[in-house]
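Dumping the structure here so I can ask a few things about it.
Order of writing sets the chain letters: A, B, C and D. Residues in each chain are counted from 1.
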Amino acid sequence: MPLLTEAAKGVYVIAVTPFLDNGDIDWTSVDRMVDFYEEKGVTGMTILGLLGEAPKMTSEESKAIAKRVIGRAKVPVVVGVTAPGLAAMHELADSVMEMGAAGVMVAPPWTTKTDDQAYAFYTSVGDALGKTPWVLQDYPLTTNVTIAPKVIDRIVKDVPTCVMLKHEDWPGLSKITALRASSDKGETRRISILCGNGGLFLPEEMGRGADGAMTGFCYPEMMVGVVANYAKGDVERAHDIFDAYLPLVRYEQQQGIGLAARKYVLAKRGIISSAALRKPGGALSAKDVADVERLLARQAKRLAEIGA
Amino acid sequence: MPLLTEAAKGVYVIAVTPFLDNGDIDWTSVDRMVDFYEEKGVTGMTILGLLGEAPKMTSEESKAIAKRVIGRAKVPVVVGVTAPGLAAMHELADSVMEMGAAGVMVAPPWTTKTDDQAYAFYTSVGDALGKTPWVLQDYPLTTNVTIAPKVIDRIVKDVPTCVMLKHEDWPGLSKITALRASSDKGETRRISILCGNGGLFLPEEMGRGADGAMTGFCYPEMMVGVVANYAKGDVERAHDIFDAYLPLVRYEQQQGIGLAARKYVLAKRGIISSAALRKPGGALSAKDVADVERLLARQAKRLAEIGA
Amino acid sequence: MPLLTEAAKGVYVIAVTPFLDNGDIDWTSVDRMVDFYEEKGVTGMTILGLLGEAPKMTSEESKAIAKRVIGRAKVPVVVGVTAPGLAAMHELADSVMEMGAAGVMVAPPWTTKTDDQAYAFYTSVGDALGKTPWVLQDYPLTTNVTIAPKVIDRIVKDVPTCVMLKHEDWPGLSKITALRASSDKGETRRISILCGNGGLFLPEEMGRGADGAMTGFCYPEMMVGVVANYAKGDVERAHDIFDAYLPLVRYEQQQGIGLAARKYVLAKRGIISSAALRKPGGALSAKDVADVERLLARQAKRLAEIGA
Amino acid sequence: MPLLTEAAKGVYVIAVTPFLDNGDIDWTSVDRMVDFYEEKGVTGMTILGLLGEAPKMTSEESKAIAKRVIGRAKVPVVVGVTAPGLAAMHELADSVMEMGAAGVMVAPPWTTKTDDQAYAFYTSVGDALGKTPWVLQDYPLTTNVTIAPKVIDRIVKDVPTCVMLKHEDWPGLSKITALRASSDKGETRRISILCGNGGLFLPEEMGRGADGAMTGFCYPEMMVGVVANYAKGDVERAHDIFDAYLPLVRYEQQQGIGLAARKYVLAKRGIISSAALRKPGGALSAKDVADVERLLARQAKRLAEIGA
């Protein structure tokens, strides 16, 4: 499998982890999910992230999931390897790269406060990971670490294996603008920028120079459609598609219940057998289900109206 | 002016504070803004909140704003009086109630951790405020204080002057459901619940039993339309209106830049003379303006399509 | 090895993890350290906590450390098994209990906000751990979770396998008083309370009804002496010993540099071969070393004066 | 009154605010307190800080306190003017400077995340305050803002009215070392560094190049003695004095209860009439009082032994 590079584009979907109702991993659904994402046109997958319920798995399960997904997928797979120490991070990274992963992703520890601390952390990550290409996960809402654009520029300049930014700052449009200005002026290497936050600002992010999305949503075709239409210059069509899905995108943004909603829809679409989250995890109430069903019905109607 | 009661319904818009480009308060725009909100059908106004840039004003300016708005408005005015100590809170509350405010609003201090601490804080607020009716502002994203539904029930039970919840927990649909279940069963008094978060979940919140909205958006007619249609049972129409405005609602949810976008549109609509925020405050870049203009054009087109 | 019970008393020292200068685990020093702690009179040991640098180890290393310490120690060993999910926690707990651990210790996830959430988390921990006795680690400074005494009482009442509180709230003297009042009145089971925070309030904590200490310090004989003298009623002697060590206790309380100071002294005392922390970790500057040396000289002088 | 300059040295004690039991300001005690601090040898006072219960006062009370203290004190008075907006900060600063304050003190807003944000905040503070000399309050434990030494250097270089650092980072010894290295090399202006944290690391901070203390403790003679002995080169004597008071210093470090302990001792010493904190505020339990009394008795004995 080719390694991840700065040229990566498109949609790297954050994959869910399918469980049976009893909490065991549902391997049949794992395979079906991989095929489904590829059929919908994603250019890559990202696994073992927070919304893939990675922290709830044992280390053996995590590696087994990585092995299964990497073995089946025809597109590149990025694996989250964030860990409290470099030794554990290094160990998992080596392990998944041997399985054929395209690269790994690392978020900063919450103790990171100053510019120099962020820079020092990521240069030590670069040292620890050797030749493995990696994604800088910039997610202040969860990590409580804010990394200024010029610090990212310093990291990109000094650590050649940093090839991608998972952009999840919020609000973060001006950050993309600043980073692209640096590389446009030739001050730093141009890396791939894929955006998160459930795609909530995807059209505007594409307008600022993002290369695509790295996030999850129960209709990956939304991200694929927005990115493809933006890439070919049909901005209004990109927005039309986005707007049709936006009410549900927004509903999925609810912490806890959002992932339950995503799995509910994926189960309803026949991709995964059970909508269950592993414990501890949220579950939809009857009223939540009614909300989602209404949004699905309205979404189907609107998609038909715009011919999507 | 009548006092705020548990029966309050509709839209209490969070008013912006209009400034001149030099940072002085723009009194002419204050008056025009009050009239504008009333013309669009709001049932009340809330001033001196965070998004009204209250913390940037001197205490004299805050009182002057309160006096001007209360003096001009024909609808009830709620005033934010959150302060680090009960003495300052009490002083401001007495002052604005004398001016004719309908009630005041209080957020918990960030040091509140346990259930009993939240209960103790709000019972002491009740004691300090005397007969003044007040709104419990539940805004975990900013205050970092999470108040469980059963704690709100205890406060409502023991403090009769607590007449309204400004619901801004996120996600918080299940919280409304839980609170309404308590009052439906007669276990506690039914208070008014008005929802915040920029209206991002307004239709679903109405579906759970909210009485309306207390939030800001550059088109208050969105909130008025959603709440009115929900109230008369036309749920689909409420969603139609909501969906048409949603792309812009979402854009306004960006921290910092969101308020600048709101003021940009209010200035463009001729309500306020200047879109300037008082320092320190964000400003729209040229790219941000282009984003907003595109969203406005698309919104106008969509509103025309649905006849709104 | 007997299991941990509510009757546990004395000093459960938080063990450091000795590394060689190159970052490998120093097994010879591990053995020497276990022997040293026992010679100094500790009644138990706690491993794989934050100050044992557990997060920097791979899961294989963690288990190897547990195996070595449990195999060598003549006193009970408690193992930290905090993990983001119940599956991983359960797996590690089962593994170390099979090796002969006396019990495990669990801190709450930082997402815990309300009383009911804390209760729900620890009842699910109890379910997941089966018959394994466990320690509730109450450490708000690091976890950002505050658990009120009455919530601990509820947990103790409903989960019989919760046998100990590692008390690390700060300030927390009134918490011990409240918990002991509950069990004195027979409202709840009396569990063991061992105190943390580097022993900074140890004499006062003993005075409130604590059973001892579970914390680290480069002179475990300080904790042993304070606890023993308090237990036999010689309060002034307990304070004399405490005061003699207090300047160094305080110096060790500095985040990051504190653990480096502890290891520096343990190396100087001949217990561990290298004072190195595994990366990423702090190191003493020349000025820090001078500070520590001055404190050691003054401490030796003072200990001689009081005949300790 | 002369203005605050980079040459400031000694002890700027953080003054408490004396209240009567009913919560009113106790003006007689205010006067007695000012005289007491001066008799004990402080070189300045700092008022309207967090531990002076400033947030609990109305703005009129704050100004009245400032007027009374500034009017009576023979030493320079620094006034805390931290506010959510520059307008309110500017207003209070102008007001107290007219009364004769020596300078003002400003902490950063908790929204400050990156190096550039901290720099931008303090340059805008410098602009807003005009010619008023000001103190940069660096207090990460409470503000949650960490400012790297090189950012402080940038601020000092570009804002000539920044004349002092209230150093309250923890642990922060290396920060003082780094700042002094910059000014020793002539890279930046040498400003005054006074240390906080209740004096818990005062001897070591003096050893790193601090000019004194700006903090509170019920025995200001401790800070005065440590600073004076360090300044004249008698390091061991400085430590002797420090160690004698350390058990009580540590007890006062407890959040909430600590201020109550400080006021208890000041009342016992006859300086303030009532130990009451204004609501909401902690109060000592009978067990807390017993703790403090024991520490006072032991402290008196130890002071006698060392002839202090």
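As a convention for this text, contacts are C-beta pairs under 8 Å (C-beta built on N, C-alpha and C of every residue); 3 or more make two chains touch, one makes a residue touch a chain.
Here the structure is a predicted model, which means the values were calculated and not measured.
Across the assembly, the mean Cα position most removed from that of chain D is the one of A.
If you compare B-C with B-D, the chain pair joined by more contacting C-beta pairs is B-D.
Both chain A and chain B derive from one sequence, and where they touch, over half of the residue numbers involved are common to the two copies. A rotation of 180 degrees, rounded to a multiple of 5, brings the CA atoms of chain A into register with those of chain D.
Centre-to-centre, using mean CA coordinates, chain B is 47 Å away from chain C. Distance from the chain A centre to the chain B centre is 33 Å, each centre being the mean of its Cα atoms. Inter-chain centre distance (chain B to chain D, centres taken as mean C-alpha positions): 38 Å. Annotation for chain A: no residues touch 2 or more other chains. If the chains shown are joined wherever they touch, the resulting network links each chain directly to all the rest. The touching residues of chain D, when paired with chain B in their complex, are 23, 53, 55-59, 61, 83-88, 91, 121, 124, 278-280. Chain B meets chain A in the complex at residues 170-171, 173-174, 177, 200-201, 204, 207-208, 235-236, 239, 242-243, 246-247, 250-251, 254-258, 285, 287-288, 290-291, 294, 298, 302. Residue ranges on chain D touching chain A, taken from their complex, read 113-116, 140, 146-148, 150-151.
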